[in-house]
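What follows is chain A paired twice: with chain B in the first complex and chain C in the second.
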Partner chain A sequence: MPSLYLALAYLRYHWLKSLVMVLATGLILAVPLVTQSLLTRSQELMTARAQTTPLLLGRQGSAMDLAIKALYFQGQAPQPASMATVDQLWDTGYADIIPLHIRYRAGGAAVVGTSLDYLDFRDFQYQSGRAFSLIGEVVLGSEVARKLELAPGQSLVSQPENLFDLTASYPLQLDVVGVLEPTGSPDDGAIFTDIKTSWIIQGIGHGHDDVIAAGVTPDGVIVANAAQRQFARITDENRASFHFHGDPEGYPVTAVIALPYDHKSKTILRGLFQSPDSSIQAIQPAPLIGQLMESLFRFKAVLDAVVAVVALAALFALGLAVFLSLQLRQAEMRTNYQLGADRWFSLRLVSLELLLLLTGGVALAALAWLTADALVGELVVLLIAPVL
Partner chain B sequence: MRLTVSVFILLFGALASSAIAKPLVVAVNSPLAYFAQRLAGDAVEVVMPAPEGEDPAFWQPGSQDIAQIQAADLVLLNGAGFATWLPQVSLRRSRLVDTSAKAKDRYLRGDSLAHTHGGDSHEHGNFASVTWLDFSIASLQAEAIATAFKRKLKLEGDAVDAALASLQADLAELDAAATAAGAALQGQAFAGSHPVYHYFAAAYGLDMRYLHWEAAETITAENEADLAALQGERKADIMLFEFPPSTSAVEAAERGGLRYLVLDPLVNTDADFVETMRQALAALRP
Partner chain C sequence: MSETASLAMISVQDLAFSYPKANFRLQVPGLKLAAREKVAIVGPSGTGKTTLLNLLAGLLIPQHGKIVIDDSPMTGLRDAARRRLRRRKLGFVFQDFQLIPYLTAYDNILHPYRLDPDARLTAEVRQRAAALAEAVGVSDRLKQLPRALSQGEKQRVAICRALIRSPRLLLADEATGNLDPENKTLILELLFRRVEDDGAALLAVTHDHGLLDRFDRVIDFADFRHSLNTTSEAQHA
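Right after this comes the complex of A and B.
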């Protein structure tokens, strides 16, 4: 196979030109493949999450805000509903009810206050540690644990909502007791805790620490030190002193997931909140997210057209480069002929070179596509989450 | 041969059935544990996790207790703020049963005086929580447990209903006995050694005020001063103790001009609730 040998030798000798050709071909092929993969997978992920959440309830307002917040922990927080709604739903006996409180952040991740039922509902598996069992304990999504380099036994502090509001929520130390296995969903980027812990961050519940004594007066009165702790901490010593104020039915919840026992229960539950006077809305996330996906995919059609035009232009540029290269190699072709090569030899040689370049480009595109496919879960979370 | 096969099948069946774990039901106090056991019999394993001698209302569970409670198929709560550990522990709401939810509009305010006994300082919360001493509320609590057994543990409905009817009949009998005792004690003013009789007093018409005495412990000068203050406001005739009082407590009550009776709320005991309460109510009648 002298022509293969010579083709390889040529490509090796002109390695920079060959590399550029392979990269260009690879990119032309990879961009639509990777885009398609990302969009398809993101649609699957978002739709699957919506489909596995049969019914969402929250205060009247934007249904999309409610769905995005409750399912993906992103976007504008809707006006909170109250625990009275949770109790009302439990009392119907038509569904298992999971409250969600998504208002605060820690280490940049959303703190999702909920009940252990949420961990069962999403079927979480543990990379290490266990579920939260006491107030102040948290379980980290895999991505949060990786980014913050945290493991069970360590802790992080909740972020104040507003640095300039001295009356705002007081930061609370959150003790990590578990890290979840990756799920390829927004749960990877969240921190889960008991909803009571979220209420403590919000200031509805609190404990009583002994003051830091600066001294004692001669008549035995303890003088407190003016020094304040920078954040609250729930310890074995003060845990029992934590309690909540106000009517428990008034405690806030961002959203409520209802898991109806059957189709009839779901229909009845939706019916309960259909009245225009109802302060609570009940939404089915799947059709809602379906509509959002349709909008995104209308955008995808535009993107496809742009990619096609760019790919065509790039192909023309590549064709021109090949043509010009052949023009420059006229003398080489003549020499081959004079050395005894038949008239098809030059055609075979150039064809083989192009085939090898194309193979390299395809291999590169395949590698990019496979890599994107393997990382698509994380990429989708990274790319889509900020948009939401 | 046939006999051998039958014996084998019986043995295998017994082993298999013993290997199938019964649903675990955790009750936060002994009356609820008693109701649960009466309603489900051997179909469930009922546990009241507070150790002997601890008041389940103020007991703090350790990590092993929490693990057991979290693993339970059903956790029977008393409601009305009973069990101060509840706000600190994460539990599956789907497995919780607030047994007094249907009596919420009948909750009574307790006092909120913080005090110490046995080295353990605690504060009685906003609601009085010994709801079961109003036996009509106890009956509602039993009904809530029966409903949860049928709905959540899928126990056989007819058997649970029959057990509930029997238990409610017993509780109705206790209600009648308490009503009779209350009627017989009309005109007498009571001092409760501990604020645990709100529901009993309200349901059966007793004029009751409270001290914070520990019946089994030696009465202090401060305890006696509290009694003197209470007697100064409105003279009580009878002191009602949760447990048979110590000699010190009896003498202090007598010095304060009171005779005493005992009504144990049976909050942490293995005793038969109905039978023990029947005897206690009979002893209340003059």
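Right after this comes the complex of A and C.
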């Protein structure tokens, strides 16, 4: 097809202009496609997560903060509830109860202190290793293991909340005993451990050398050695020395997942915590996350309008570029006419050139869309996490 | 001119043309060119030399008269038919070469084939293009874009383009105007040789009086002294 050959030759000769036009067209098309894909996928991910969690309980406060922290391990930690709430919920006999303590991080990932029931509830499969069974042991989400290049048998260290607070918790070395299969959910980016381990990270529990009396005061008070060593890693040798102080009912939990046995149980449980005087709130995550997604889609509608205006401006700019290009090609068109080109030759040639540029733009947009679609899980986490 | 130039290849009869709103009128009572005939047109600027070429090429429509090129009437045709006739029977060599800037020298030579939806770019055509380039001495420059060619090379490529479809009438408008004396002679010799070989006719507008004795006839638009040969007439009013 001679016109195609000539169109390609023209575009190749003006390669920089062609490249800019392809990129501009590609961007105009890609932005709405990619945002739509990301929002749709993030809606699916977030909604699915919320829908699989029937009831969530925590301290009175922002329901959204509670849901975001308990479901996606992101955002501000709400004021903690206590283990007394967990015990109270167990005692009702309406649901299985899973405590969550999400306050600390290790290797940049959230450390989720919980019970083995959580691993069963999310139906985790193991890439390697096994579930945690002793304090100090952790199971890594697939993304954490990939990014930190960790495997069972290796370890990582918890991050203190505040580096400059000497009275705060100190880093605890955590032993990796398992790595989860990817789930396409926030679990991929988290570290799971027994809730007792997370309390040890917080400093509620600790292990140290046996107290050896340094002396006895005249009034008979035993004085301990100030050089007593506190353990930063839980080993078989020192595990027995770890203990907790204070009332176990007062130990903190960020949230509690309740898995009611039936609809009636769920209704009763919600009713139990609906009193305005209750220090505990019970929320259904699905409608709450639904509201959040509605807000995101309202934001997308605004974004679409902005993109449409920018696209229109870009199209005008492209149209101007084409018009100016045609002005500069008058001599070429005249030559073709003098050599006997048919009436529609120039129109056909320019149309083909535009079609090729548009095809390039569409291909670029499709590539961006496919790439975004393939990486949507990671992108959603990257894009949504800061928002949350 | 060779002996075979007896039959009229180009015939113009009673031609009259004027531009709208312009005090200019071109009249050509009669003009005939035979195969292998090489005719020069001279005269000051604005006397209608290029206008005559454009009329012969069907780029302008005369108000009166008849033009026949190789038995095909150019006058009275619709635009599409005139374009077709131009593609198939005419070759153009322009003063400023008018090469397509984004095509290589080789593709510029083949360009007339790409403009014709009925023509096929066969291996034979490509061989002919290569042979023409060889004949005019640009065979080693075929992959170059026009910007990389010298003036002389550009004109040689333009001549190849004009000759690639073996035209019956070759129109040259100041074809040697931009060239140095050495290249002028060379290009003219090339044109003459191809016209002889292809049995075409050449009508060339030129300001270069030093080359006129190489033509078979000279038509002077300045003083209506039309020709060294009496077989044609041109009158400019």
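Everything below uses one rule, namely that the second predicted complex is superposed on the first by the 364 of 388 C-alpha atoms of A that agree within 3 Å, B and C clash if a C-alpha of one lies under 4 Å from a C-alpha of the other, contacts with A are read in each partner's own complex, and residues count from 1 in each chain.
As a working rule, a residue touches a chain if its C-beta (ideal position, glycine included) is under 8 Å from a C-beta of that chain, and two chains touch if they have at least 3 such contacts.
The model shown is predicted, which means the values in this text are computed figures rather than measured ones.
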Applying the touch criterion given at the start, work out whether A:Glu332 contacts chain B, chain C, both or neither, answering first, second, both or neither. second
Examine A:Ala301 and indicate which partner it touches, taking first as chain B and second as chain C; both and neither are also allowed. neither
Touch check for A:Ala240: first (chain B), second (chain C), both, or neither? first
Touch check for A:Leu16: first (chain B), second (chain C), both, or neither? neither
Considering the complex alone, what residue numbers of chain C touch chain A? 57, 59, 79-80, 83-88, 90, 92, 94, 98, 100-103, 107, 111-117, 121, 145, 161
What does chain A use to touch chain C in their complex? 2-3, 5-6, 9-10, 12-14, 331-332, 334-343, 345
Note: in the complex, chain B contacts chain A through residues 60, 63, 66-67, 70, 84-85, 87-94, 101, 151
Within the complex, which stretch of chain A touches chain B? 90-91, 93, 96-99, 115-117, 120, 131-135, 137, 194, 196, 205, 239-240, 242-244
